[in-house]
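Common to both upcoming complexes is chain A, partnered first by chain B, then by chain C.
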Partner chain A sequence: MRAGALALAVGLFGCAGPTPAPPLTHHPLPGDSAAPDDPPAGAAFAGAPLDARGLLRRASLDLRGVVPTEAELDAVEADPSAVDGLIRGFLDDPRYEERLVDLLAERFLTRGEEFNLRWFEMGLDPEQDFAFRRAVGEEPLRVMARVAVEGRPWTDTVTTELTVANELLREIWPIEAVEEGAGWRWGRYTDGRPAGGALMTNGLWWRYYTTPNNFSRSRASALSRLFLCEDFLTRPISFESLALLDRESQNEAIQTVPACVGCHSTLDPLAASLFGFWWFDIYAPAELNVYHPEREMLGPYYLETEMAWFGAPMADAADLGPFVADDPRFRSCAVKSLAAALWRRTPDLADFDTLQALQVEFEASGLRHKALAAAILQGDDYRVGALAPGASEADAARLTTRRLLSPEQLASAVEGLTGFRWAHRGYDQLTNDVVGYRILGGGMDGQSVTRPERDPTLTHALVVQRLAQAAGQAVVADELVAAGERRLFPAGLRLTDRPGDAAFDDALGRVHRRVFGRWPTDPEAQEAAAFWEGVAAANGPDAAWASLVAVFLRDPAFWTH
Partner chain B sequence: MRLSRRSLLSAAPGALLLPRLARADAPAQRRFLFVLAEGGWDQTFLFAPLFGEPLIDMEDDAEPAFAGDIPYVAHGERPSVSAFLSRYGDKTCFINGFEARSVAHDVCLRLVLTGTSLPAADDWPARIAAATGAQLLLPVIHLGGPGYTHSHGAMVVRVGDAGQLPELVTGEAFTRSDRLLRRPSSAVESLEADFLAGRIAAGAAAAGAGRSAHVWSRAADAVSRLGPLAAAADEINLGVARTVKEGMSLLVDAFAADLSRCGFVRYRGWQNLGWDTHADLPQQGRSFEDLFDAVLATMDRLQALPGHSAPTLADETTIVLLSEMGRYPQINPRGGKEHWTYTSCVLIGAGVRGGRAIGGYDSACAGQRVDLASGDSTPQGVALTPNHVGATLLALAGVDPAAELPGVEPIHAALA
Partner chain C sequence: MTLSSSIRGCALVPFAAALGCAAAPGTPCGPGFERRGGLCYLVDDAGGGGDAAGADTGGADAGPGAAAVWSVTEVESVFGAAFADGIPDPMRVRGVYGQAIAHAEPACPARESQSAGTLSGVWFADCVTRAGAHFDGLGIVLEAHDDAVWDLDGVANFIITLPDGRRFDGGGEFALDARVAGGALRWSTKTGGVYHFDGETDWIGAGGEVALFAEGVDEGGARSVRVDGGAVMAGHTLAFRDLRAESDVCDGLPSGQVLVRDPGTHWWSVDFGGCAPCGVLRFHGEATPRGELCIGPAVGAAALALHDVGLVP
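Our next item is the complex of A and B:
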């Protein structure tokens, strides 16, 4: 009920347009003259913020997927106020785009494993299976992430005539590159589809397909839910006592029965605009790979209603993107969605003022997504690290003072520290479920599991154990045995060094600091050294370092923030 | 396969804290074996003998039949269905004509398994396990397919579609890498476990309150279960189930070893060809036959195994057969059927008042209203929804439905 009320409240706000809102609770940035001098009115925030070091670590993992560098830790230890400038810089880091794709995937649920077509039906090789699934699901997310990082208005996500595609998508779909270079690049469909950004991507509608007697209604519902945060499915429906056994009966009921009209008077005209993606055979590559402009007219025919956007007539499918972009709910939904992603919880009624304030900042920036992210990152809800004295039980349950890394973050953070990425025959083992460990590690596929796990679980502990052991072996083999580039261990460390040796003690401290963002206490260092000696006595110094790294990576202080 | 239940019991954290004397409450000791027929089964192949109705396309060569008071659709190519109902019809209850309230797979799955389309909800297995089985090593053992958790994620232990869990346990996962990796020796792993436990204990002590404390506490619990999990994996197969029968057998093993309160297996139809028969409708018949062959074998096996609080495991296990939706009553031009919001489920075994079908379908294949107390179809009754099914499952598990689903009554007529 609370979520429904929030949706209503946000919707009403959207309809009324931006209104003066209470100021966002700021942690002022140096030179930020817009930061308010006075705390906001209303109830005091029930949490206490992370210290600068903890905040640096959280933001680095959230925005770049890696732990802070030693230089960044040095900077914040020397001057805690430096953290805000560093966080601003993270938003311009190239890795932010990848993280944004991860965060968007949690909402749009497109990065699944199951589509109606598989690699062999697309003329691909078996080792391209993972790349194929991932590319299809990421296409709409890449459009949105690219718009965000390039500083374009967020409305471009639903109005641009371009898509973002990699080599594989350009091979299997009618997409031409419009910029040079490898990897994910701007491209353009050549099949006559109208402009519409993510709305006009194959990837979106492969995930949200429709069936012959559904007539794109499920797609319209998904569009509303994903882009407007307006969920038709929260409304109770009933077909009770209606003989809806043919299209004519259905359409008549939809247009006359009050219980149906409530949803379908808006749902069906929206569905009518989506028939360029109508497939006569939902398993045929020739049907799924291309847009069908000539089928746009089938929507009004099948649904017996003209195309419209919540009551406003649409001339054709080309109107869809502009209508979405102009809808105030589109903007409020962007705010709510990014807040949820960065707060790691679902916003509720208590967040209403905060969301309003964020929306004002978003609008003032010209709908720049990075500006919205920056505003969220400055807020109490992002920075909370502990409960304030007197916090209620409800606050304790609500405030995300400690957050788990997603499998995607875990994979990139471990790779950043050790250079190890768990790959196997084209699969990234931490980010797939066909042969990998994404869901077991607390992640989601958007189909079987639609929310990241918030709590540590038995299988999470197991996945982290094996990942950590593998990474420990790999980094020792690469850096200490093979004398490769030092990424985790300091240059002065040799396998012959023992506890008590300056090089050993220095290395232990530095590894601890890289992994956890802080130096070990003396007892911690002594216990770690004793553990190292225990393993070394049985299996040698290389195994001891591998085990020490593994145990550090298994410590919740590493995989939470 | 020989099970060493006693050794597993002693290995499971918390199991020792559960004295035998505390096991007197039968509903709270029940096991639930969920089988999800994912894709949408056709009610006219089993549950809805609507022969002669002009709006309904029934299957050729099918005929109406009864197993006790259970009306059903029989077919010569589905002998296992009739055999099962003949042998276990008195322990079986059909719940017919409940309304999923959507016709989209992902939405219906969430609705049928949680009762709501909202994401902040736990599914029935997780709720049952959280209330009555949290102390077990694998409160819900999940063999694949959809699962929804919000507050009770730690209850669910997924095996993975490709048997990822056992390969992680044994270290075989290290061979699933492009790099040459090896599992550390058991001696080293033991040292790692001890050192990690100390660090987690120290971290938990400093974690403060709220979610920080919760996360550290959960982490400590999860790590403490790794050893018992390895012991369990030595005793029973936690690996890949290639068929629904193998999957159900694996879950029975887990019940027999007192590892789990709930088990969940997804059945994707005969030969894994799915239940979503927009074409090839006969696939429904093949899948029902295959499914009931597995259910029959499972019931036979449950009957033969000793229970923990009852003479046989069958006496304390409830099998739940579900599908997220039904099929549109008329055949499409491709020889299949589209989606339909009304569907059925089957409850079998412990706590179930068997030998009857509750609810039904009218001449347009819409669900009929039901008197929850008597189970009779009546216009004065209530329209069944997934929440009624959920409340019934909770009641079977000894969990107060009023607390979990306020305002929703269980289908009392389904309860023994």
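Our next item is the complex of A and C:
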């Protein structure tokens, strides 16, 4: 296997010896004077980079989910080259783990809301519904994110004997905590499941469940797609329709019909390694909550095949994690996946050299995910802010120069600015669809919608409107009326201040800067002040500030980056 | 039941002695094996003697990432304990369900498709009887029975709490297809899921995890049985692969494979065949055996004991 892995790796890099990494094109940090349409430093790159403030704002939202602080904006305005150090620091920010969970969710699609069991079948209270759905879907993502932020090798995501669980999961599943503290912590299943990191989590296989007669084939396909970027469903097949009414005839066709054998010769042996998660009744809590070691060897009985990893025999399910970790596709898939998440687009053939270079850096780091993220953040594709002169239509369609905030980013960014989190009956309104607006706001549930919106939509505008209005009212009520902690407004601002007053003008500028990452131009400031005066005349200064904040938050310059 | 649970040529271990061991002490080990301290090891085994874990694991290459947690001695002991109570009989679930559903009242749980003289009935409820039995969940049992046929199909997703407080948790499926044809009774059973009934002393009282598929033929006083699947037996996880035993062939000694999973989550397998009481012991699918275990008589007897009630519910 190791020899095979090496051969594959050599093939990937096109030579038999150590390969120097192609350089990651890295633009000199531009100052504010750099216009978005400056020619690119990269020879063939069709885009131009963001300026330092734009890059700071993008990275802050991507890695922490919040806009930059005033101090960070000050630092970059004073020295644009400071942005790189700040971005490196963002990777060590505790909020990065949450963002990584968000990014991983876009790929692994586990943050669904339709599981075979619901809160009442788990002995939970109705107000725990949202927390239950969210916790189940996040379990595998948390394992991967925790591995990443703790600087463990990425292979730990599929080999660790631990999971990451919160109080709710420890209550409903056989998980014991292995570290103290509240919230998401390392834990260990006590039901005898093998080590395997995210591969051995209930959360992953509750999302990717198998019907009893599918015998985990769909799960094997998902495993290959998610962890190897190898999608069985993209393989071309052609065959006449067959009458396959029972398991025996299905197995015979799978083993003899060439069109079937092409996929099933590797799919079924992989499925055979997943029987510990296979359920006789897909709605019975007693079945779904625990792993079933006694079923691990059912492959030969049901699938008429032994378990194997793409041709390499596996002795038992415990071999699965090491085989995944040892597969070169696992590492290249990690690179491709994170690049896609941070570039906000699907990598294509034109990205081959870039991905290759990123993989070399990833490998050189000992498969540390943060190092990979840092390398991606340094590259043109992440930093692109505009098309370069002469860019083609294809370039325009390919490069994401302006990026829509996801609902999760929107929620955390607004909360960071205003302290407002839109919740209703315990449901976070921007991150669920049971009684919320995640999909309408451009997000995805991983089941009915599997890709986030890249472009604004009518429903997105409506969601942002209501969010902005509610956040504006909340922050004014809290900070200006109730004299709460100042997050958005400067400490010197009072409701009695009017345009022309130093405190008002200062506050207007600072609020604008926090929301958009730059000071307002004079016309912008005048327009905002005029708007404020108009509302204040009709409804008072508190309504005026609330409306102004709402208008700012509805501006595309806020909800894009 | 005859039980030879000693490793070939071994002295009788205590549980084997208690149940009666057919293997005489001092029996030579098979070709390629030698006796050390009562156990048979490969002649070129570098593991040395002794009972310490690791010392008698055979020394064979377990492959990357796989390390034997148990010694061969421990594997032998585990098999002995596991088979002491036999293989979980799938019809035990039916029996316990029968006890529980006997506490039903006409309206709790309201059952459809009932049939006199059988356990047939379909219910979906969360109700408490006047006597205090609580039925919560879903139960689907369809049963037909006469002099020549016994068909049973059950789906369990319930918790039934009896008036005395005992609780029956069921999740999974159980089925029987038995019929007489040509003077022979041919039967097959399927029991899959998690079953637990408070207060019982056997596997179902311990919280039974089963995924067993058995089939057999009873004809002229002779039995043949095949077992596949897995089960938790005496707290240990076992699996069966094409395990076969015939009462009038090879004295009931089995063919096929029996496996046990160690705490390191890897499997030990014993392959039987050739009318031998001893099977070849391997760890983690290694090509090189770790030894031989002479548990064939116990395994065969356990298999032949499955569903030995014929057509009598």
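Assume the second predicted complex is superposed on the first by the 518 of 561 C-alpha atoms of A that agree within 3 Å, B and C clash if a C-alpha of one lies under 4 Å from a C-alpha of the other, contacts with A are read in each partner's own complex, and residues count from 1 in each chain.
Quick note on the criterion: a contact is a pair of C-beta atoms (placed from the backbone, for glycine too) under 8 Å apart; a residue touches a chain by one contact, two chains touch by 3 or more.
Source: prediction; values computed, not measured.
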Clash-or-fit label for the pair chain B, chain C on chain A: fit
First, second, both or neither for A:95, with chain B first and chain C second: neither
Touching partner for A:152 - first (chain B), second (chain C), both, neither: neither
Chain C versus chain B, contacts on chain A by residue: B
Partner chain(s) touched by A:316 [first = chain B, second = chain C, both, neither]: second
Which of chain B and chain C A:494 touches, first, second, both or neither: neither
Touched partner set for A:518, first chain B, second chain C, both or neither: neither
First (chain B), second (chain C), both or neither touched by A:346: first
Which of chain B and chain C A:298 touches, first, second, both or neither: second
Which superposed partner A:290 touches (first chain B, second chain C, both, neither): second
Chain C versus chain B - closest C-alpha approach in the superposed model, Å: 7
Overlapping contact positions on chain A, where the chain C interface meets the chain B interface: none
Sites on chain C touched by chain A in the complex: 63-66, 138, 155-157, 169-173, 192-194, 209-211, 213, 228-232, 237-239, 241-242, 259, 261, 264-267, 284-286
Touching residues on chain B, where the partner in the complex is chain A: 55, 99, 101-104, 106-107, 110, 117-120, 138, 144-150, 153-154, 156-158, 160-162, 164-165, 168-169, 171, 173-174, 176-179, 181-185, 187-188, 191-192, 195-196, 198-200, 203, 207-212, 214-216, 218-219, 221-223, 225-226, 229, 278, 328-330, 332, 338-339, 341-342, 362, 364-367, 383
Contact footprint of chain C on chain A as seen in their complex: 1, 192-195, 280-281, 283-287, 290, 292-298, 300-301, 313, 315-319, 322
Of all residues in chain A, those that touch chain B in their complex: 3, 211-214, 218, 221, 231, 233-234, 236-246, 282, 346, 385-387, 391, 395-397, 399-402, 404, 420, 422-425, 429, 433-437, 439-440, 447-451, 453-463, 465-466, 469-470, 473-474, 527-528, 531, 534-535, 538-539, 543, 546-547, 550-551, 554-557, 560
